[in-house]
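We call the chains A, B and C, going by the order they appear; numbering starts again at 1 in every chain.
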Amino acid sequence: MTAQTAVPAPAAHEVVDDLVRGRVAGQSLEAPFYTSEEVYRRDLDVIFARNWIFVAAAAEIPEPGDYVTVDVGEYSVIVVRDDDEQVRAFHNVCRHRGSRLLPERQGAVGNIVCPYHRWTYGVDGRLRFAESQPATFDTTCFSLRPVHVRDLAGLVFICLAEQAPQDFDAVAEVLEPHLRPYELGKAKVAATYDLAEAGNWKLVMENNRECYHCDGHPELITAYFPLFAYEAEDITPRLKPLYDRYVKAAEALEKIRAAHGLPLTDHRELDTRVVGFQLSHLPLDGEGKSFAPNGGAVCRTLMGQVQDAAFGDLSLHLQPNSWFHLLSDHAVVFSVLPTSTGTSTLRTTWLVHPAAVEGVDYDLDALTAVWRATNDQDRALVAGTQAGCSDPGYVPGPYSMVEDDVEAFVNWYVTRLREAIA
Amino acid sequence: MTAQTAVPAPAAHEVVDDLVRGRVAGQSLEAPFYTSEEVYRRDLDVIFARNWIFVAAAAEIPEPGDYVTVDVGEYSVIVVRDDDEQVRAFHNVCRHRGSRLLPERQGAVGNIVCPYHRWTYGVDGRLRFAESQPATFDTTCFSLRPVHVRDLAGLVFICLAEQAPQDFDAVAEVLEPHLRPYELGKAKVAATYDLAEAGNWKLVMENNRECYHCDGHPELITAYFPLFAYEAEDITPRLKPLYDRYVKAAEALEKIRAAHGLPLTDHRELDTRVVGFQLSHLPLDGEGKSFAPNGGAVCRTLMGQVQDAAFGDLSLHLQPNSWFHLLSDHAVVFSVLPTSTGTSTLRTTWLVHPAAVEGVDYDLDALTAVWRATNDQDRALVAGTQAGCSDPGYVPGPYSMVEDDVEAFVNWYVTRLREAIA
Amino acid sequence: MTAQTAVPAPAAHEVVDDLVRGRVAGQSLEAPFYTSEEVYRRDLDVIFARNWIFVAAAAEIPEPGDYVTVDVGEYSVIVVRDDDEQVRAFHNVCRHRGSRLLPERQGAVGNIVCPYHRWTYGVDGRLRFAESQPATFDTTCFSLRPVHVRDLAGLVFICLAEQAPQDFDAVAEVLEPHLRPYELGKAKVAATYDLAEAGNWKLVMENNRECYHCDGHPELITAYFPLFAYEAEDITPRLKPLYDRYVKAAEALEKIRAAHGLPLTDHRELDTRVVGFQLSHLPLDGEGKSFAPNGGAVCRTLMGQVQDAAFGDLSLHLQPNSWFHLLSDHAVVFSVLPTSTGTSTLRTTWLVHPAAVEGVDYDLDALTAVWRATNDQDRALVAGTQAGCSDPGYVPGPYSMVEDDVEAFVNWYVTRLREAIA
């Protein structure tokens, strides 16, 4: 029926290759990066199946047999504490006929028993028992398929690739001394919840990477000095009192951390390495302690070995999918996981000192209020951007002077995609 | 893995090209026209993004700053009255990072302010303010992207193409004298509602273009003479009394319109020009006034400058997506907009004289009863046809003698698709 | 934009061809067989549109004009009893503009009248009336499009192909003498219901074809001897009493059936012919009668001409989509029909003697309890397997020694697909 001379249309993957190669720096991505199925599949393959992904706090699985399951795209991964107290990770799929093994979000098991035909695996992944097999059946050939896993000072990362990026060790070495005082691995999980985002995972990340929109976060901004990306010469007379307060708080924080013998340096390697990250020590406004109104504390018991409530915010950003706020009295950790081209899940977990008692040392609503509100506000902004980027009337626009971390995130992302093409 | 000698399957767009070229006149379209994603995308591109589309009554946005938003496929368009009282249309997307600007169906604004980072546009589309920009930033480069818009005697049409069909001016010249007496632009919106249709947009239009199924509309048919497409020789003795009544009503209508000095001619150019249309002056049965039982009125106040209640029905059909019934005491306007291959939205709006008061001059239920019922009945018929056309057991069937306007709609549609291929 | 030297990716259908050709015996299928749209379309085309499909019990349409409609993929088929008492089948689509004719699951009609424009067909499929047609219109050209249909001893099968597999006659000849005593065609429908399965149709079938998972069916297994696929040498001392009971029950069943003059032979031709099937006469445990606790009866009236309550279970499996349990006091018949790649519908129908009265001869809950429970249990197992097979971490695993009928089902299926490629 069709003329033989027709020029073949480029295949979907070639169109994406061209988009990746042609990305223009300094402006938002072309629409297909947020709307195309082909890009989504590539993101799963190149970003989420090859890089280190933050998936859980180690404090969620304190005892042997405790597990969480994590959905990364179409993957489900079991993260479980082995009897030797190490964290292990396995594909959540039976080696017999493929049944999902653990359908729940979390729990505790002695063995991992398939609900279909009772194939029984240890928490080390080894197949212990399978009925009605011929004499030739070798259980050692049917262990659960392992997934790379690392516990960095109480933060659990997995990598679905055969070869995980080796870069992680060097970054862990930088981060570990900063994280150590908080003893996140021994913390207590005060709360965790999943928010269904109506936007591509990159829009959720880009939203996190700038405070240009922070007028929309009245609860959050009271804690911080709104001077992100300001240089000394940007300080107008009207801003001078605020700026002076900021300088004083920064000096106080530096003194306190020095007294603890803790490293003070910030790090910004957001798009200059495979395990891209940024670590900042941010002084807080008001009382300078935590997220309560006027910078007050939200928990009476301080984290780990922290001894001073005015300990600022250790803010950590990791590519591609996580960020963390560590304060003197609690920590909040965030992971973004894609669920479809236009949807993703934001998981938020609040950690407190293991001895902190709800209703005595902290009020759960007060502890979680700021980030529940902030997440909801961001959810609406992300949904509106997904809608707009899906409109054929969308064209990429320029980043402002205070969106350099968005640009860094996009650079990191595009660099990974370009490496994969090459 | 695959043999090198395989003959490549034709690409999806080539299959559609062949369907378009091979369309057989006189019978319903092949199934893919109602069920294929590729045809749907082509309909959006060739029909809805290149032609004049009816989207709103001007009466919905009477004051400067009043706006409606309209979804055409994946496009969202802001239709807003500018401070100079002209109607403007813009893509509903921020020029910064693509956020949807106005998420509501309608409202009133001073400026159009992006909810994400507060970029602020005038209702003329110009960017008035954007924070944290470098000195080199030129606001004139970031106006909202405009969409062609025309207000034809109170009916608002948009065209998403770069170049809109010029044919519109000639059609407007024909229609304007017929529409003028109703003063639709000054009318009051009595009611508007959206009906979610479970069928491809073309099935909704085809359903509107014939009365072969009108036995299913008991409320509607009492107003009309059921003699569509009848010739004098078709009048049997049993039909004679009805026919005589019709002739008498038609003569009376002609006399009344002549007394108003109004044009009497009907026009039928459904598939003979790009802006295809049909305009008919239909006498009504019974009292001959409006849609109340026995042809009675549904509103005490007559439209615009209309002075005689027995003014018939000015019935207007426009390709590709609208129809209109203008009566002495109210008007009903309809637009069909595609939402997916198998779904669409029918928007119905009732207009009355601006001085008509609900509960005094008209009862809202009585005003809207006939077309609410008719729309619901048609919805079921369209849904059943979408289901049947999606069945591999479907084959196109022949149009009857009273489905010539369906054929004309399909001809118009296929002609546009053939032009686009050529 | 794209390099001219790119090697074209294989088309979707070529990828599936390769999967079909490369299928490895003895283990579960590759993931795309359960998750790919391309395989789903091929299953509809090669399996469901070319083979004999069980769709209804004849007892559902006892009188002329009684009909059921059946959805097979995107097909809807009317199965109706004609005035001559024969069962007919037609595509459920009007020959005019394609409206669905009968939207209900079942009912009774004099004629089949299209709800759109009143085209009127007899229950023999002939067009009897269509209004407003030209003189040249020939009704005989617009009969409903027929579908092959067979009533095998009260079980209704359809085939959507032009040429139905001729193999059916030979299988019918084998089965008919076994089915005859139950008089299914004259039975009464006690209950029927549809269960929405969250799994590909093949997972539902594979689940039915083994009892390796039957520990999960506590209600069902009490009736059966759990010795499926056991050889005499597999009987351990612990199993000896059970085995002796089984041998005694089997001998008793043989004697009873001989007294009825009924064939005793089992048949297993699951993957050795196009109309693959298996017929087994299974003795029951306990009272040996039916599915009540301890093998008791669930209905006082025996089926058809059956005269002995301890009549065992005539278990019938048919490829690709059905199974049947015929007992002395009732029958349960099952069909699986695909609704999307990852979903399907399981229809279960319970039949009893036409004179059996609900509340007197049988309690409806007791009659249906075992298979309602079993279906629900299987539904969860199938859903878990669909989830696991959709995980990129899935790899095919080996069948155990008691899953040979699963292997036979898969062999039958892959053989059909290979024939279609050749």
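Methods note: a contact is a pair of C-beta atoms (placed from the backbone, for glycine too) under 8 Å apart; a residue touches a chain by one contact, two chains touch by 3 or more.
Chain identities (UniProt): A, B, C = Rieske 2Fe-2S family protein.
If you're wondering where the values come from, they're calculated on a predicted model, not measured in any experiment.
Interchain contacts join each chain to each other chain, per the touch definition above. Mostly differing positions are employed by subunit A (Rieske 2Fe-2S family protein) and subunit B (Rieske 2Fe-2S family protein) in their mutual contact, as under half of the interface residue numbers are shared between these two copies. Between the CA-based centres of subunit A (Rieske 2Fe-2S family protein) and subunit B (Rieske 2Fe-2S family protein) the separation comes to 48 Å, rounded to the whole angstrom. Across the assembly, subunit A (Rieske 2Fe-2S family protein) contributes 8 as residues in contact with two or more other chains. Considering their complex, residues 1-2, 6, 8-9, 28, 31, 206, 212-213, 215-216, 380-381, 384-385, 387-402 of subunit C (Rieske 2Fe-2S family protein) touch subunit A (Rieske 2Fe-2S family protein). Taken in their complex, subunit B (Rieske 2Fe-2S family protein) has these residues touching subunit A (Rieske 2Fe-2S family protein): 8, 10-11, 13-15, 17-18, 49, 73-77, 91-101, 103, 115-118, 130-134, 137, 142, 145.
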